[in-house]
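In the two assemblies presented below, chain A is common to both, partnered first by chain B and then by chain C.
Right, the complex of A and B next:
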């Protein structure tokens, strides 16, 4: 146990799981559902533009780009890896390379290579956090800054534009009336959900986050599991960045700025524990839906940006506070 | 009893949690200058009562008098202000601070708000010295063994000069030698007029140290008696409400070929040149003072910590073990000493805990086969009568004994040839202890080789076929059953006899 996160979870022996009440569990799940419903009702009430197919489709599309990152970030939090702050860099890597490499190798190989390189950044994060035991915040911040620098230097620090209209058409297109980006997000969410809740890797991830030492002593490859969570997040961010690039047909180095915050907010608001061992992809996505709808309602109502920031910040602090309170109360 | 010599008087204490009545109308009083033991099975309400006493829980009803006057405690700080100190079973110290800083945590001597470090170290040294603990007050706490940390915890409570001191299983991580030292301290504190509440599963110790004993069962006070009016068997009867005939039922098993053999194991630090073997159907005891290196040897065999020398063979074949998963493949399983820290994943169900080491075998195309997962857990829940019999129950909601049974089940699922059990009955109640011994007996009868680490000599003597005694990282020659006696083992463990 070398990093702070593990020490925290080692000391707080009484965790939120001790509350053990199915009722509390249902309430916390349903609570978010009610919150989403409340936002929808409020939104439809105060703004005629809110409950329109166009607006909701917009929300869904922009949600999908963050949503792909959210799926990955869920693994990091559940595995007890705190958070991945290199997301802006991996998104930029995905976006810049999948556009920038198009003239050289064609759109599909460019996309695949971009995602692969993003995954490599995740591997570096994973090795530093999982195997060497560096605090995840510091490791991912450092790796993210380095990677962003390299990507920026490689493209000369300027905006990269798309050169393949067909790929742009695809990314912006629709299938059965649903935007392709949304479909890709749903597919990734399904795969992520399966991986976390049904596969051995997911069980290992939950065990590693729940009690690192016990998982280790149960022959779970804890280091690989922790590292894997960062690889998963980086691959997801790479895909997200690639889609973002293709949609916008341009990518600047700071294209991914803020996505790490949005993703962490969504996951935490969804009730996934920041200390690990508890959470699921559907929960994180419910958190995402709530945050995105709330933001949308605020935008439609002309709430000023500083106030929006205030609300989102309060949400994340509140969610972490509730998590901590649940752990405390569970002491019985 | 007059109000003046009554340190603590709790009357009609009840504590209700949603759906559970943890304490029901409990009366409990302790006189100054006495040691008052509280015994009961896990779940009997001891911990809840102590949490009421130290201000962590407010009682649902009832009154508390301390030193003759009625008090209301809302938080642990209130209890501390009244001179009530608690020594928890689990270490509650800051690993990155020094021993002295931990002893005086929150009350460090200062002048002009500057810390007087040398005075603090000198005072801590004096307290530790008085306790007979050979611990350097300048040492970083995290570098100490668990038993030394436990002594620091006691020193911390003692240094606060309390009126009432509550010790919760203080000897669970102490060797017999250290326990004797602790008892000297407790008697001294008692003679100073401190009221001592002593919670323990170890009835022999209770008989030795306590003046009075209170038995709790199912949240009710069953009886308070002077210690000279009761025997261990009598206490067990009151605790469980039934007779436990044989505490150590050793079923004689057919002893076969050597299964696990270790030769010249060293980790370069905490143990050196350890050699022994265990045969099929045999229980090999590994004992010694806490800190002698027993757990370290077990962890190294299981691949949790590195070896620098030595070889491990299973069924005559040399195996290379660099991780727990190598050990599992080689047929070695390990039930760790620290159940909460290393044994269970608290947020997971009994089922999820049991299948953890062999998850890969239960998957098809990466997907866990639910039916296989369920039936595996259900089988063990039934076989070991884990209570409540519900594999979906979160494991941390079970009693210590049932958690331990689940941890053992987890390893049996991996179908090992050798099972290493590290303090398997620590902190579990009398009934569960007998069940765990019964399970171990069945396993060896089925041809498994078992290594059992224990600090409890009666357990070692009652259960093991052969015993290896460790001292300062070295192992003795194995003692066979007819050579076994508490005196012999203690002599080897303390170095009064060279094997």
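Right, the complex of A and C next:
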């Protein structure tokens, strides 16, 4: 059944690579690899601090927090859900609640509850986008504004501090010399990858994003798939926010600001199509590695923060432009 | 068509009326002209950006970078006051908005990319520029007395800003309803392919729509900076949701092809009076955010529930659909 859906969507949609042979696919994958290599080489030449274990470990740790969100955001983009702009709210929900509820119910239940509530925000997004058919950007912008307001109201609009040193130790700790946060990210990325590329859910997600009507006609539960993508993103952001809160031991309402852009940039730069129907978790993570290394090199070279935002924005425009150009060549 | 338009106009009036009645019951002295004048002045900022967004939404596009352009234009106009006179500085500030809109328009019409994602990216870029120019610090203008001139109330209720807003929105109403280019915007928004086949230069209309929206965001930003004598890189970051909410309350559809200037006027007045009412009751900013978010979501859902007929449920949003490249002939 799903195979039929894939076939139909493969014919009808302007897939970038069905027309463009294996070579184009190879090039598009290798291109990002070369880009990463170029940044690494450039970084090592320009700054002696770049290619050191300490710095790379730092990059890896900060990458992991965004990376967890990126895994979820990949599902949203592939399913044709454009983007989830409620990420700052779900991260804040995860961070504020997992710290704020610690004194009352203990660290582990607090974390679980925080992630669960973030998932609930995602469910709201999913219902609005998938079932009611509202523009995803508008829906997530609105839901994000509402939920962030509610979370702020719940804690009185102040900064929340951690009260459980043991959980902080765990989040900042290492297992076999690798930071726990990185391990959690890798685990989530693996699960996400297999879910998207090997499971029926992943095939449904690709079919829904590739050709909505064809997928619907092939009995793919398109509405649930679309809604599910937002739930997955919200759960991921909740976990990411909880980990961020535990690592920093403090959470302000705006803790998640900017993470939505970092995640979208990574996914789009990784070559996941903004229109849906094409992409994978490893691609998105390759995009993330590229963006993070680039940012790191800029920081080490003393490039000011605004310029980094400028570069991120330019990267999104460039990647989206390339996506559009590739589609055009694929035969519109 | 006319019937639906009538309903949506009534909807705005009903919502605005309810807001005013409830506010006047809860907030003492709400219906005094001084309060209303203040509310109108505050609404004018949202309103000027909303004017541009109305045109874009009717054409089936959106601009999320308005808040950032607002900040950038204001900053430029304030910084330039040290070099040149206030008036030329203000004009340059507005032109910065025009330029930003032209960039958006060129990228959307030229690259054929989704305007939501593109303006999200340019929003990041314009906001970064604002931080870059100012070193992330607020900047102040040279002439403090100018603020007073702008705060002057005439004819009991108008300030310069609110009068300008009212004049512009009335002009927009006539442009949209009585002129050929205005009608063409609706054609492009409801069916870009058909519009193109009928000889309408869709791309040019889209481009000019973005230029128009950018210019108005710039105008709003410059006025805000002149009134407060300050330019700040964080100005306008909370405006996006409020502006979209105002336009949607006014009955303009996010899917394109439907909307009116008078509806936007009603929507802006509703959001403005609501804001003033909440501020008078000292309701914290985050609760106000919840309210404007709720209004936005509820009305979009309502729109969806009322008008799904004729459109298969779950069809892709028009912002994706009416991009000729992504559409692949399956509408």
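By our rule, the second predicted complex is superposed on the first by the 313 of 332 C-alpha atoms of A that agree within 3 Å, B and C clash if a C-alpha of one lies under 4 Å from a C-alpha of the other, contacts with A are read in each partner's own complex, and residues count from 1 in each chain.
The rule is simple: contacts are C-beta pairs under 8 Å (C-beta built on N, C-alpha and C of every residue); 3 or more make two chains touch, one makes a residue touch a chain.
Quick caveat: nothing in here was measured; it's all calculated off a predicted structure.
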* Asked: Looking at the overlay, does A:194 come into contact with chain B only (first), chain C only (second), both, or neither?
  -> first
* Is the number of chain A residues in contact higher for chain B or for chain C? -> C
* Give one of first, second, both or neither to describe whether A:134 is in contact with chain B, with chain C, with both, or with none. => second
* To do: Could you say whether A:219 touches chain B, chain C, both of them, or neither, answering first, second, both or neither?
  => first
* Asked: Given the touch rule stated above, what does A:153 touch, chain B (first), chain C (second), both, or neither?
  -> second
* Asked: After superposition on the shared chain, which partner residues are touched by A:275: those of chain B (first), chain C (second), both, or neither?
  -> second
* **Touching partner for A:211 - first (chain B), second (chain C), both, neither** => both
* Asked: Is A:174 in contact with chain B, with chain C, with both, or with neither (first, second, both, neither)?
  -> neither
* **Residues of chain A that lie at the interface with chain B and also at the interface with chain C** => 13, 211, 213, 216, 332
* chain A partner contacts - residues on chain B that touch it in the complex -> 17-18, 90, 302, 304, 323-325, 327-328, 334, 336, 338, 340-348, 352-353, 355-357, 359-360, 362-363, 366-368, 394, 396-397, 410, 414
* Asked: Within the complex, which stretch of chain C touches chain A?
  -> 62, 64, 107, 111-114, 116-118, 120-125, 127-132, 136, 240-241, 244, 254-255, 284, 286-290, 292-294, 296-297, 300-301, 304-305, 308, 312-317, 319-320, 324-326, 328, 330
* To do: Going by the contact rule at the top, pick out the chain A residues touching chain C in the complex.
  => 12-14, 80, 82-83, 128, 130-139, 141-146, 148-150, 152-153, 157, 211-213, 216, 222-223, 253, 261, 264, 268, 274-275, 304-310, 312-314, 316-317, 320-321, 323-325, 327-328, 332
* Asked: How about chain A: which of its residues touch chain B in the complex?
  -> 10, 13, 15-18, 20-21, 194-195, 198-201, 203-204, 206-207, 210-211, 213-221, 277-278, 332
